[in-house]
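Look at the two complexes coming up: chain A is in both, with chain B in one and chain C in the other.
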Partner chain A sequence: MIKRLSPWILAGPASLLVLVFLILPVGSTLIATFTDAKGWAAPYAAFFNSGFRRTVLYRTIEISLITTIISVVLGFIAAYVVAQMPARLKSIMIIAAVFPLLTGVVVRSFAWLILLGKNGILNTALLSVGFISEPISMLYTEGAVIAAMVYLFVPLMILTLAGVLEGIPKDVVEAATSLGATPFAVFRQVILPLAMPGLIVGAVLVFTGSFTSYATPQLLGGERQMMMGTLLYQRAMVTFDWTGASTVAAIMVVVTILIVVLMTRLARRLNPMAG
Partner chain B sequence: MRNTLHPALTITASIIFIILIAPLFIILGAAVSDTNYLTFPPQGFTMRWFSNIFEISAFRTTAITSLQIAFFGTFLALLIGIPAAYALNRFRIRLPSWLSNVFVLPILVPEIVLGFSLMKSVTIGLNLPVFTTLLLGHALLVLPYAVRVVGASLASFDFSIEEAAISLGCPPLKAFLTVVLPNISAGVIAAFILAFITSINDVSISLFLTGPGISTLPIQILAHMEQFFDPTIASVSVLLMLLTVGVMAIVEATLGLTFLTK
Partner chain C sequence: MTVSLTLDHITAHYGSTQVLEDLSLAIKAGELVSLLGSSGCGKTTTLRLVAGFLEPTSGTIQLGERDLTRLAAHKRDIGLVFQNYALFPHLSVRDNVAFGLKQRGLGGTERTAKANAMLERVGLSSFADRMPAALSGGQKQRVALARALVIEPPLLMFDEPLSNLDAKLRVDMRVEIRRLQRANGTTSLYVTHDQEEAFSISDRVAIMNAGRIMQLDRPEVLYQRPANSFVARFVGFENLIGMTVTARDGETVTAVTQAGATLKLSQSVFGAIPDRFVLAARPDGLAVSREGEGIPVTLGIRTYLGRAYQYQCTTPAGDYLGNGPLTELLDPGTAAVLTPVPEQCCILPSDA
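Moving on to the complex of A and B:
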């Protein structure tokens, strides 16, 4: 009897923690959006009827998409070079990617506050070359949020892709080259398809990470560039509109899960290594 | 994979890596600037912003809370996560296949949604103390590291060694502690480090779970920045980066940094 139950006894405490402190609370947040006194879909109608909240949703999608595209391109270039480097240079590059990754979001977003601020390095530089005559405000713009987010996610992309690109056997590349493929054809027809699953995993991490971020839009976007994360906080803790906050939370959960499920399917289908 | 690199690629990659590191040096410069506002390049040199950290008691108390939460939260996650990882690997056929997906939920559900839901249902709903909810929230946040990273180690462990010990009369718990655990120690260390650093840096869960007198360092930093724009935050950031350097040194010494690309 004990022997039959032992798997459950071992996995029990961790499962219980997830059930009681994640599934039930998050479930109750989601259910709250359907049991509103004004009707079951009223909170969603309220969300989409508000031009402001709709703008926030579109802005969040837009910023997350741009961040993902830029991060994928930059991350791919950097990881591609990392994969070709001799061991010593490679480890220096890996350190340069890991260090920011292990440094907190707050610290890394804060760095861009110094970079883009009124007394920041960018303003100082532009002033000294006479490009501008007085400091311009670069903070609280969409560009500031995107720059900081790309900075946040490129290391993640590099580390995800470096492993994948290193795993591509060099015989495959050599075979293609010796058969007369141009470097671009090798990239288009050999490297890219083999890296695609890793690329998709990385892109999903970046998109969902940007879509649900709080600290970066709060610091660099402020009220002017409100995103879903900052909207959720503002609804919950400033206006105490818990139903409104729950609706934002539910939209975040649905978008995140949808993206993860669809893209993992796509990654599996595109994986040339799998059956 | 090895082939010739176009110089343009190498140059672009070099610029990317410089941009990754440069902002962190800018923080270092801003932290020693002898001005009342944040600026770079630094004007003059002073250490007063570092001593200022210690004069603001909120930084001290929140740093202690952050360390406590990260340490005990990680410990709790490993304490319940290692047995779960063991069960998932050892008794794969006897457990339903969806169970391993349950332990991915803390990654799948957006952190900020989890934080908000915990505040609503647990801090207010169950009336649990703020510190307890914060601890449980962080344990949940890092549980996937415990289950998956330790699980990856267990996947390559040969359970017949453990069975040999048990059939020779070793009690199961002792067999686990003296036979299995030493063989998966790299996974446990990796899980501990990743979990600890994730917890220390967390904003989105802690955001909703701070209460009167209890807050974490990242939340305190955010609150301070809303009122002051002086170099104190830069010097706090420098101290946090020193912590990162320490963590990287531990990773390099125990596992080698290349494990992070796997």
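Moving on to the complex of A and C:
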């Protein structure tokens, strides 16, 4: 009897924790958006009728996708180089890549404030070289947000991909070469398909991370480059519009799931082995 | 079209460590030559040099009329079979076989037709749509073989292709490899550490040690007439007895061991005998008897071999292994005599 019940008993505390602190609050948040006095879908209509809020949604998707693509490309190149290195150098490079993760998101986003500000390092440097005649405003632009987010997420991408690329046996690459595959063909027909599982995991991590980010768009995007995370905060804590905030949250969940499913589908089309 | 492979005065280094020392090797068109040796002897390095995964420090590699020495690996047109199969895990068996054809720009239908025909030849037609993960070790290696053969390379190379298979399958596969290699008449380089495998499959075998070829010859010659002590020991001549000639009388040579035992050897049997030499013999080649002419020994442990008894024999100059007849059972501690059986022994130049 005890033996039959023991899995339930052991899984019990964690399940209860998840139920009380995750499923119930998220559930009640979502329910709030369907039980509005003005009709069950009214908050959503309000959201999509507002040009401003639509722009925020599109901007968030756009910034997250661009961040994901750049991170995938940069991360792949770095991970590929790292994977070729001798073991000792490899661990040093991995530690170097992970090092920024040891500081907080706020600290790292703040570093970009210092870099990109009106009197920031980049402007000062460009001015002193004579490349520009007066400081250009780089803060509170989409570019600033993307740059900072790429910087935040590339280590994650490198970590995910380095493991996968290291797992590709050397003799498989050599076999392809001996069969006449050019370095590009080896990359396209062997390495890329075999790295696909890692690419998907990395891309999903980066995309969901960027899509739900708050500190970076808040610091570097400000009011002008508002994203879903900052919009949610504004709705809840500035305007005290709880239903509006819940609607933003619900849309974020749906979009995230949609994009993740889409990415997995796409990757599976590229390679039947993946996923 | 079959071509020859020539390695001319190849020297190779890993970092500052020399792994091949002035190695020359010529494989005739259509011939299968094995590189045989323990790990670290340079056999795999030699294969990787020919494949183009390594560059020699000096020397040239020539395949037929083509100079391979500095040619990029993917332009060399060599079929390679690896120890770990190295199949593409994301491609079906058919696509694995067709991979090389695709690189050569063949169209889809032609690729499929050729791959199917090749799979038929290795008996894997019904597995064409499977993924490599769903195959046994022997099937995987047959796919690897088909993948290397289908591009009709002028040179085939095998890197310990049977090491990961069980004993029974190993014998089947090596017959299979030999059959396909013979059928196409493809010049082949085969790397292994397994003497039986090398001897059974090869036209000629190169026994390697410390980055050098110790002897390159037909298996029969290596087995019966090794050229030096290293090769002799490698092919099972466990007794190497250092001797010095003391007298010559026509064809008969009198020589002594380091312990002073005297042997009379005939040059009509052994060929010319130098003044200092090593008498090499397998246990079969040293007959143990209670008395007679030969090397006096004290018998040690006796083991039963079925066809004979084998004795450990102690002399002041070293220990030897000899075989005695089943009809005469000798006990440990007894004094006995070792007599070389001329047909089973050979004379080697002295190492010193």
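We take it that the second predicted complex is superposed on the first by the 259 of 275 C-alpha atoms of A that agree within 3 Å, B and C clash if a C-alpha of one lies under 4 Å from a C-alpha of the other, contacts with A are read in each partner's own complex, and residues count from 1 in each chain.
We take it that a contact is a pair of C-beta atoms (placed from the backbone, for glycine too) under 8 Å apart; a residue touches a chain by one contact, two chains touch by 3 or more.
Note that the coordinates shown come from a computational prediction; the quantities given were computed from them, not determined experimentally.
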Is A:Ala78 touching anything from chain B or chain C once the two structures are fitted on A? First, second, both or neither.
first
Please work out whether A:Val254 is in contact with chain B alone, chain C alone, both, or neither, and reply first, second, both or neither.
neither
Who does A:Ile94 touch here: chain B (first), chain C (second), both, or neither?
first
One more residue to check, A:Pro169. First (chain B), second (chain C), both or neither?
both
For A:Ala41, is the partner it touches chain B (first), chain C (second), both, or none of the two (neither)?
neither
Partner touching more residues of chain A, chain B vs chain C, is chain B
Touching A:Pro193 in the superposition: chain B (first), chain C (second), both, neither?
second
Taking the superposition as given, does A:Gly180 touch the first partner, chain B, the second, chain C, both, or neither?
second
Per the contact definition in the header, classify A:Ile132: touching chain B only (first), chain C only (second), both, or neither.
neither
Can you give me the overlap between the chain B contact set and the chain C contact set on chain A?
169, 174, 177, 183, 186
Hey, which residues of chain A end up touching chain B in the complex?
4, 6-8, 10-11, 13-15, 17-19, 21-26, 28-29, 74, 77-78, 80-84, 91, 93-100, 102-108, 110-115, 117, 119-121, 124, 151, 154-155, 159, 162-163, 165-170, 173-174, 177, 183, 186, 191, 208, 211-215, 218-219, 229, 232-233, 236-237, 242, 245-246, 249, 252-253, 256-257, 260
For a test of understanding, state which residues of chain B touch chain A in their complex under the given definition.
1-3, 5-6, 9-10, 12-13, 16-17, 19-21, 23-24, 26-27, 30, 37-41, 80-81, 83-84, 86-88, 90-91, 94-95, 99, 102-103, 105-106, 108-114, 116-122, 125, 136-137, 139-140, 143, 146-147, 197, 200-201, 203-204, 207-208, 218, 221-222, 225, 229, 233-234, 237, 240-241, 244-245, 247-248, 257-258, 260-262
Complex contact set, residues of chain A against chain C:
169, 171-172, 174-183, 185-186, 189-190, 193-194, 271-273
Residues of chain C that touch chain A when the two form their complex:
51-53, 73-80, 82-84, 86-90, 99-100, 102-104, 131, 144, 147-148, 151
